[in-house]
Amino acid sequence: MSQTVSPPRTDHPDLPGPVRTRRRLPRYAATGLYLAGLLLGAVLSALSGFNPALTVIYGVAIGTVAVYAASRAVEGTRKATDRLVTCIVVTAFGIAVVPLVWLSYTVLDRGLTRLDGTFFSNSMVGVVGEGGGAYHAIMGTLIITALAAVISVPIGLLTAIYLVEYGSGRLKRAITFFVDVMTGIPSIVAGLFAFALFTLLFGNDVRLGVMGAVALSVLMIPVVVRSSEEVLKLVPNELREASYALGVPKWRTVVKVVLPTAIAGLGTGVTLSIARVVGETAPLLVTVGLITSTNLNPFDGRMATLPVFAYYQLTQPGTATQAFLDRAWTAALVLIILVMALNVVARLISRFFAPQTGR
Amino acid sequence: MTTSAPPRPPQSPDRPKRRRGDRIFAGSATGAGIFILVVLAGVAVFLVAESWPAVVAPAEDVSGGEGLTSYITPLIFGTLLASVIALVIATPLAVAIALFITNYAPRRLAAGLGYVIDLLAAIPSIVYGFWGIFALAPALVPFYAWAERNLGFIPLFAGPASATGRTMLTAGIVLAVMILPIISAISREVFSQAPALHREAALALGATRWEMIRMAVLPYGKSGIIGGAMLGLGRALGETLAIALVLSASGGITFNLISNSNPSTIAANIALQFPESTGLQVNTLIASGLALFVITLAVNMLARWVVTRRADFSGAN
Amino acid sequence: MAKRIDVSDLNIYYGNFLAVEGVNVSIEPRSITALIGPSGCGKSTFLRSINRMHEVLPGARVEGKIVMDGQDLYGADVDPVNVRRQIGMVFQRPNPFPTMSIYDNVAAGMRLNAKKMKKTDTDELVERSLRGANLWNEVKDRLDRPGSSLSGGQQQRLCIARAIAVEPDVLLMDEPCSALDPISTLAIEDLMTELKERFTIVIVTHNMQQAARVSEQTGFFNLNGVGQPGRLIEFNPTEKIFSNPDEKATEDYISGRFG
C-alpha cells in the first residue's frame, strides 16, 4: 500500500467527514437489553409462580421493545425498523427450534425406559402387562417398507428416465404435472385406495402386508420420480453425446453412462423417499391392521408395523396402562431413530458415492 | 425469406429405425410413466366405486342417521378449520425463518440451519401426535384458562376451556409445526433466487437490510410464498394421525377453539373409525376420503399452478 | 481403413428451420479437411450430420445424401448406431466419463457395446489407442485413476484415444482445441498429422492458422444473414483458399475484413 498524501485531519464531529457518520448504538447494546429483558421477565413471571417458559416469552418481548425504542431514540426510524425486523426474524427461527428440541427431549425422556433387549427380541404374544416387545412390529415395518421400495423404485426410476431422456410433448407435461399432484395425496387416501383395490379383488375384510406396501408405494413413487428426475437432469449432455459418438445405442448410454454418473444422487433420493414413508401410520392402519404375534409373510393376513403398534399401545392400553405407554414411547423413539438413520445414510451416500471430479 | 418452406421429407423415415434394446427400454420407461397416470386415475375410480353404496344408501342407514351430506359436512368444516389455523400460524413464521436463513444467518451456518428446519419434516406424524397429546396439550391448559377468563368475549375463546388441552387450537399448532418445513423450504428457494443485482442495487442506494428485503426480495418471492403456503395447506388437510391423537373430537360445527367438543377432521375420523367399521360404515368413510381427495387435489393443482407460473416468469431474469 | 465421403445436395433442418442448405462436397481419405466460417454458419451442424449425431436432437432431420465408400449413410435400412461406430467424433470440450478410470474410458467403446474381450486383448487395445493418441507415456502408471484427474489437454487426447479405440474409418473433430492452451493445442495438432495416415479427418475450427497448419482441404461456410441457412461457399485445397480464393466472401473472411 502506498501512503496517500493528504493533509492531516483532526476529528471535528461537526465537520462533514468523507463518510457521514451517524450515531449508532454500541455493539453490545442489543445483547445487554435482551439480558435485562430476561431478568425483568423472570421477575414478572415470579409474580405468578416462577415459570421458565413465561420468563423467556416476557424476556424476548421486553428485549425487542427495548432494542426498538433505544434504536429509534439514538439511530432514527429506519435503522430502528431494521433492528426490529432482525429481532423478529431471529425470534421466529428460535420459535421453530423449540418444538424440535422439546419433542426430541420428550421422546428420549419417555422412550428410553423400555429401550432394552426384550423390546427388540420379543413380540406381544401373551403379554397383558409388563414386558413384551416390538420385534414383530419392527420386522413388519422393515418387510413392508422394503416391499414398497421394490415396487416404487423401478417405476419411479423408469418414469424419471422417461421424463429426462425420452419424454416430449403432451404426455411428458401430463406426467410431470400429475406426479406433482400425486405428491400431495393424503396418506390416508393412499391407504383407502389400497383398501378399495384389494377389497374389489379379494372380497371384504381382507388385510395383507402387501396392501400396506401398495399404499406406501402410492406415496413413495412421486418422491422417487421427482428426486431422480432432478438428478438425471444434472448429468451433462456431453457425456451422452460422447457415448452416442462411440456408437453406443441410447438405452445402453442411459444404463451404462447416465445412471452410473448419477448414482449418488439416485441413492440419496431413494433413501430419503424410504425415510418419508417408513413412519407412515394412517395407510397401514386401514390396510394391514395389527397382530400381537410375528407374521413375516406380507401375502398372508395381518402384520404388525411399528407406527401402528405405537398407535394402539397408546390408544388401547390394557389394565397396565404405564407398561403400554412405555412401549408406545419406545416404539416412537425407535421410529425416529430409524428415520434419522435413513437421513444420515442418504447424506453419506451423496458424499461418498459422488463421482470423483479430480481437479 | 428466400428459403422456401421445407417440403415434407419424402425419403427420410418419419419413424427412425430403432434397435430392439432401444425399443424395449424406451417402451418400459414410457410404460412406467403411463402407469403412474393409471394409478392416479385408479385412486379416483376405486374410491368412487367403494363409496358409491354410501351415496345411494337411504339417509337413515348412514352413520348419524341423517344421510351422507350431513355426516361429512362437519368433518369438512373441522378439516378446513384446523388447516386454516395451521396456515395462519405457520406462514409468517416460515417466511421469517426463510428470511433468517437466506439473508441474516452467517453464510457458513445457513445450510446447517436449513437442515435443522428440514428435520421437522422428517419426524413421523404419529410422533407429533404423541408430543401433542402428552407435552404440548398439558402445557397449553393454563393458557386456555387464561384466554377464557380474559378473552372470553371473542367467540373463538368462548370456552369452557378444556382441562386436557386437546382442543382445535392445539391441533392447529401441531399442524403448523408440521407444515412449517415445506413452506419455509419453498420460500427459502425463491428468496435465494432473488437476483443478486437487485439486492446489491438496493444496498448501494443506502437501504438498510430490511429495506433491501422489502424492495428486492419479498416482491420477487411473493408467488413462491403463496404457492408454498398452499402446498402446506394441502399437507395440513390430509394430516391424519397427529390430529386423531391430539384432537378431542365429539362435537359439531363450532368456532370455539379452546373447548373439549370439536368437530373432527376427515382424515382423523377415518383413522379413528375405520378399524371398527363394517359394511356401509366403511363405504361412508371411503366417501369422506373421496371428498378429502378432491379437496387436496384441487388445492395442490392450484398451488402447482401458482408455483410454475412464477417459474415461467423468473426464467427471464 | 480410411474412407472417402461424398456429400450431395444436403439440407439440414432443426424442425422446420433450414439450418444448412445445398452442401455438395467430396472428402478425401487419409487427409485432413478443415471447415471454417463465422459462428452460427452451420459448420458444426454439418459435421454432426456426417455421423448422424445431428438427429439426436428432437426435431432435427436431414435431406440429401451422404455416401461413404458406396454406402448411403442415410439409407432407409441403415442404423445410425452403426454409422457412429464407423465415424468417430471428438468434441469441443473434453468429456471423459467421470465414473470411469483412464483405462475404462479408452475401453468404453468396446465395454459399452458389450463386446466380449479377453483381458490381454483389452490391455493391448488400451495401450495401442493411448500410444496412438500420444498419451501412453504420460498415463501408463496411473491407468486406474479417474479420467477427470488429467489436465485439459490430456483429457482431450484421452477422448481421441477413446474415439480411435473403436477403430473407426473417419474421425470428426468439433473445435477440439478451443478449450485448450497453446501447448496442448500444438500437441493435438501434431497428433492429427500422425492420425491422418490412418483416418479420414474432418475438423471444424475457428482458428484459421490452425486450418492453414494442419489441413489439406478447406471448406468455407457462410450465411447471408440471421435466419438464413448456412451454405458451403467454397471448397478448395487449403493453400489456394488462403492465398488465392475463388470467392470474394472467402477472401474477406480470411483477411479479417468480414462483417
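Here the chain labels run A, B and C in written order, and each chain numbers its own residues starting at 1.
Keep this in mind: a residue touches a chain if its C-beta (ideal position, glycine included) is under 8 Å from a C-beta of that chain, and two chains touch if they have at least 3 such contacts.
Please read all numbers here as calculations on a predicted model, not as lab measurements.
*Asks:* Would you identify the chain whose C-alpha centroid lies closest to the centroid of all protein C-alpha atoms displayed?
*Replies:* Closest chain centre to the overall C-alpha centroid: A.
*Asks:* Based on the averaged CA atom positions, which chain is farthest from subunit B?
*Replies:* C
*Asks:* Using mean C-alpha positions as chain centres, tell me how far subunit A is from subunit C in Å, no decimals.
*Replies:* About 49 Å separates the centre of subunit A from that of subunit C.
*Asks:* Any idea how many Å lie between the Cα centroids of subunit B and subunit C?
*Replies:* Averaging C-alpha atoms per chain gives centres 53 Å apart.
*Asks:* Just the number, please: Cα centre separation of subunit A and subunit B in whole Å.
*Replies:* 15
*Asks:* Tell me, which residues of subunit B touch at least two other chains?
*Replies:* If we look for residues of subunit B contacting two or more partner chains, we find 19.
*Asks:* Would you pick out the residues of subunit A that each touch at least 2 other chains?
*Replies:* Expected reply: 249, 252.
*Asks:* Which residue numbers or ranges of subunit C touch two or more of the other chains?
*Replies:* 81
*Asks:* Could you list, by residue number, the parts of subunit A that touch subunit C in their complex?
*Replies:* Checking each residue of subunit A against subunit C gives 168, 236, 238-249, 252-253, 256-257, 260-261, 263, 355-359.
*Asks:* Going by the contact rule at the top, pick out the subunit A residues touching subunit B in the complex.
*Replies:* 53, 78-79, 81-82, 85-86, 88-93, 95-97, 99-100, 102-103, 106-107, 110, 154-156, 158-159, 161-163, 165-167, 171-172, 174-175, 177-190, 192-193, 195-197, 199-200, 205, 218, 221-222, 225, 249-252, 254-255, 275, 278-282, 285-286, 289, 307, 310-311, 314-315, 328-329, 332, 335-336, 339-340, 343
*Asks:* Applying the document's contact rule, which stretches of subunit C touch subunit A when the two form their complex?
*Replies:* 51, 53, 56, 58, 81-86, 88-89, 91, 93, 95-99, 108-109, 111-114, 145-146, 148-150, 159, 162-163, 166
*Asks:* Sort out for me which residues of subunit B touch subunit A in the complex.
*Replies:* 19, 21-22, 24-26, 28-37, 39-40, 42-43, 46-47, 49-50, 92-93, 96-97, 99-101, 104-105, 113, 116-117, 119-120, 122-128, 130-131, 134-136, 139, 177, 180, 184, 208-211, 213, 231, 234-235, 237-241, 245, 267, 270-271, 274-275, 278, 285-286, 289, 292-293, 296-297, 299-301, 303-304
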